[in-house]
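Note that chain A is present in both complexes that follow, paired respectively with chain B and with chain C.
Now for the complex of A and B:
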């Protein structure tokens, strides 16, 4: 019985466990992560254990922007067009060819004829039409939203079994790229009849696509099992690997705690993990594991200055904030080399990027001078004031973005040196959702958006899209800067890539000249995998692709 | 019998109050789940599209009508749908409830075992030299953050020693570390109360009498002192079931386990009212049932309470 436990042993156990806990901090976690032996031909078979940070919420494709959703969608659904993640070129996939009219209001796609969904129904023109009728128009009765990537969609027309036409009310030059994104994953006609509830977590096995994997098992909130489709034979023609996926299956396990995800990988309990925090990268690399940091190829991780707010309506204040933030120090302190310093609103790898680094110079003397000129004078506690008002600004903590709070804390310290009081809004979801739509409560909005198309800049700043600058005041729908609106509309109405790139350049020039945006860094998604994991790839906004993955062990 | 009926009646009132209270509080919070989900700039929806969705969800229906819908829904077993994922709340809860109940039950048993061990060991004369250490254990346990404890246990037993995997553990393995994580902080107040009661009881005159009659110390402890010391401990145990639910939130997140705690954490993060309402109600039911059982156990453990408790009000 418990009463008879000899005490010395008890004390010994206590002492041992204390010692073990202390050792845990300093023990060497190096394990056989990588095998430097030559990589042979791909081996078919095996199940990969992939650790996710969060549980997926919903598999309605337009909701696939949320990383866990997109990570699943990319395995189970094919798209009309394939976007090469390196070159960002658009290449055939389910569609063998496509053409558009001169005004970009009509598109015709020709489809492969050998593709089936995993429930056996053919992926034909009627099925494709039904997909885009839903994604392009949404269905408010079923709470299914319009895809952010598809603009001005009107209707579809099935010409014959392998030809489908789409019509738009206004030019929609980004449409071909939109058909390549995970938010346009093709699902079987029956799946498209589901309501938002039917697409929700717990119903994974009902979501039928034509992709290389199908969902075969689910434990709500913790685990999803995917199995390879034996008869898959329609990978993008430009990809070397054809036929079925190498893996037999993928086990996606939700492991929210960062240290547990990293520890599981290092101790050999998992094969791949998503979301390696910047501070953990060194540890993972030191143990000989591969770190992958694919770029999101869109609008950079930035601070958006809401210029309609009283304080920020003065361009000198905006320029002073830009000059007062040492972006390089933020990256060196909080992030790693996988987070390149931003040189424009758009990422260097985004379509339409132009270098604006000449406008992004750290210069505290200039910042101080600009604030002096703008009438903000230093007071006793070092924070500047003007007509009794303190120079206090609020920025939101962008919880989905890596180490947002740490970065903002450092920036707040930097700005304090030039007499600006930057406060960070950290709040419950409801308060947060209301506050970020109100320039009186959040004057600086921290966010990014990834999409490898010229349209991405419009998504971020246009009045009826993300509207992050609050150029449209949500209270009265008035527009503060009509010129910005016009420039953004041009991005979505020009037809040729050259014209669209020129329109993107004008927007970037304007944002830089007005100092509306302080771009911080080009945001990657950071993954890690054991050395024996081969062929791990990513689509154009850094969602994982398991089609080519094989286990060299 | 009438006592039990009266207690059941009270339980129903408590549940109704919990339901109404949580409904009102969730409505009073700034924002709502629809705002959080659909007006999130990340979705890039236009104001018209958002308005259409709000209408389809019936967000503009007056509050009393919404309350009535929710209440009648709950009574008929329809808990609605999670706004965040769209999944039926019934499915969400049914899937995770057994896991959490198992974790909580084993966690509680382990906590009792720990508490009893500490309390009785620390009264043994032969262990006098470690009494100080044993008696300070509860203070240590209660101040250990669950979050930290879970991570340390995983680091040591899973990652360093490789004894228990956290990824794909066997059914037996998967409970060991989470149960330990949950049990240690819960055992602290139990051990404190138990130690105190044992000390108090040992000072009672009847103990001296029993000892004088030749009973061994173990006999006195197990037969006489334990039963007397159990009562206050039982009261605390009833209250601690709330701690179990709170502890499960952290434990399940650290260990990546499915469970009510994890569900709660996600629902709170997205202000997912239907899920939160159900969680509150399920927790209230568990709380009410456990405390009812505890109250009914009093007379069984201590015959002195039978008449008092059994008397009509």
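Now for the complex of A and C:
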């Protein structure tokens, strides 16, 4: 900026207005957060500084389940269908309407005709077809996987410029919801030609969507800059705000240290942060900042017992672990009221949830009895043994999950009381990725998955999806429990919501009866924002949405 | 440089003076080391509380008479963890110093006494070792050996071999050409006998001082590796690991990192003070 010497009169006005702004700023900080109703009309402009806990890894939409990826994808890509985060109803977005046949094997979508990608290409039926041909079938040559939300996809057909049909080999009742998820973000046909590496970190600016923001700058691993699209005019019709985003841009800065993120927010260096850990919530609230804790509405934060491993193949050992963990104590000690105790594999707010709390009872006497019966004996307070083998199990630290390490440490202390030695695997990314695929190295897998559809339970446990129980042995592809497979397949192939809910119930009942899963709590994503940040929202599994955000300052 | 003879008289005089004049910092340093050594040998004598089993009802409590160093997120007593952690840090440091001292002395004595091409080759190897940043070298060695306190200690030891070798070689070269060694050779002493009886003992004084100094550095290096997650696996109460575990609580529960951190600082400074005292006795 060029420096000019101001005239005395100009200087006086400048001084006065600066004083006014400063005074207004003071007034603002005093009222911020305390009276959110007293805000005026949204203001357009400004850049929001958003601190992420982890760097994004890839912007291939089916890989957007990872929160740092999804947090970006949700700003740059639109979807065919909009899922209301409150009611979980499916509403029009890029598709104005859709219909399906009775067996849920054919879907027809009618599209808006005015939508363009940020590189200027139109978002028409051909582009949509190309998107779902890739997400539904994957491309092994380019290492691009099939989206876990889309089941039984066969092919697409472009009827005309604004009508596209999808065909499925078997019923695929979850497809409409699947088109609303972050993993079905619509990208420009040119972007879809990239390889997995091309979608990877460092190439953010190559990822072209039709969303309210575009990626304009990137410092690999540390920073990403998004800018609003001036000509954006196709927000979901049910959202009050239409037209371009209020913000001019978003600066996403990766800040892994929890205390640094919170400190930056409190000192005004950041406007919004993701992953406020439980121990910091009180501090942030006390300083007058808003804490948001949207639920992830899917499979709960759980310990998955890999029942094909020698020790855990005995149901009595699995039941003993379940009875030996005081889940309430974990919640009370490590977490806050934003983390409700789990009552089933699925979250209370998930579609298809049934209450299984009767099977989730803490009872150390029962746990000790079960282990005695299973032949695991102990002398005094030591670790139990059987035929010279120690009752030692390894659980992974789920680094993306909130306070995983502390929770596991406490659980390991609880299990020590019943004579079980629980060790926590804390390793670098490479070692970790290898170890979690091997039941000999990690017997208990700590994880969650969020998706607001009946299918979510299949995503987590099915052999060719996440396979967290290692029901399919990655070495020889054998299946340990065919019944679980059948039950999960039913979830993804039943047609009516009532049938799908019934199928979900069967799976939850079975997982509880077999004690395959120890659900801990219903996981929220906890965000915090300064009081002047208005309109901060989330999609149905708690990924941030900046479309409505504006800065009241 | 003064001649060896005069130097020795000087040293004797100051040593006598030192005995009469008590040095409070040295006494304090020795006291700290003795206490920490006692922690390592008999931790149960200093604290009755289990370092691994916590009381969840008493999580994240500030330091008090009951919990001298406060408690962590799962209610474990931090003082107890610090006391029980001493054995890991001290044994690690002893392993590291031993590895560095033994291998370094071997290389240094060989290079210094044989001389010629062998000296050149060994010293260039040492140059290469010195060129690699210590932490990077230690990390690479741990990746090869696997995680754990012993492996971390061994890795830290390897990184110090070069420095020990340099020091020993320079001393050996100095002593090798002194009159009494030449005389020993002249009177028919065999090579190995002269080396062990005359060269080695007279080269080791500065090396011992350096070993004491390195003891402190090794504790710091092992804690660093523990902090980065390459040392003892949790829930072992290892000092570096404890500091790492507490770093997300710096703003709300300062005692988790600060107090174990202060203990590390005290021990390292004490080891340095002792090393300075040993060095000045030359």
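We take it that the second predicted complex is superposed on the first by the 514 of 553 C-alpha atoms of A that agree within 3 Å, B and C clash if a C-alpha of one lies under 4 Å from a C-alpha of the other, contacts with A are read in each partner's own complex, and residues count from 1 in each chain.
Heads up, the rule we're going with is that a residue touches a chain if its C-beta (ideal position, glycine included) is under 8 Å from a C-beta of that chain, and two chains touch if they have at least 3 such contacts.
Please read all numbers here as calculations on a predicted model, not as lab measurements.
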Partner touching more residues of chain A, whether chain B or chain C: B
First (chain B), second (chain C), both or neither touched by A:506: neither
First (chain B), second (chain C), both or neither touched by A:409: second
Partner chain(s) touched by A:49 [first = chain B, second = chain C, both, neither]: first
First, second, both or neither for A:280, with chain B first and chain C second: second
Partner chain in contact with A:263 - chain B first, chain C second, else both or neither: both
Common interface residues of chain A - those touching chain B in one complex and chain C in the other: 257, 259, 263, 428
Complex interface listing, chain C residues touching chain A: 52-54, 56-57, 59-60, 73-75, 147, 229, 233-235, 245, 247-253
Of all residues in chain A, those that touch chain C in their complex: 257-259, 262-263, 277, 279-280, 282-283, 329, 332-334, 403, 405-406, 409-410, 412-413, 416-417, 423-424, 426-428
Contact set on chain A toward chain B in their complex: 2-3, 5, 7, 10-11, 14, 17, 20-21, 23-24, 27, 29, 49, 51, 55, 57-58, 63, 65-66, 138, 140-143, 145-146, 148, 195-203, 219-222, 251, 253-257, 259-260, 263-264, 266-267, 269-270, 400, 428-434, 436-437, 447, 449, 459, 464-468, 474, 477
Chain A partner contacts - residues on chain B that touch it in the complex: 29-32, 35-36, 38-47, 49, 52-53, 55-57, 81-82, 84-88, 91-92, 95-96, 113, 116-117, 120-121, 124, 126-127, 129-130, 133, 151-152, 154-156, 158-162, 165-168, 218, 221-222, 253-258, 262-263, 266, 268-271
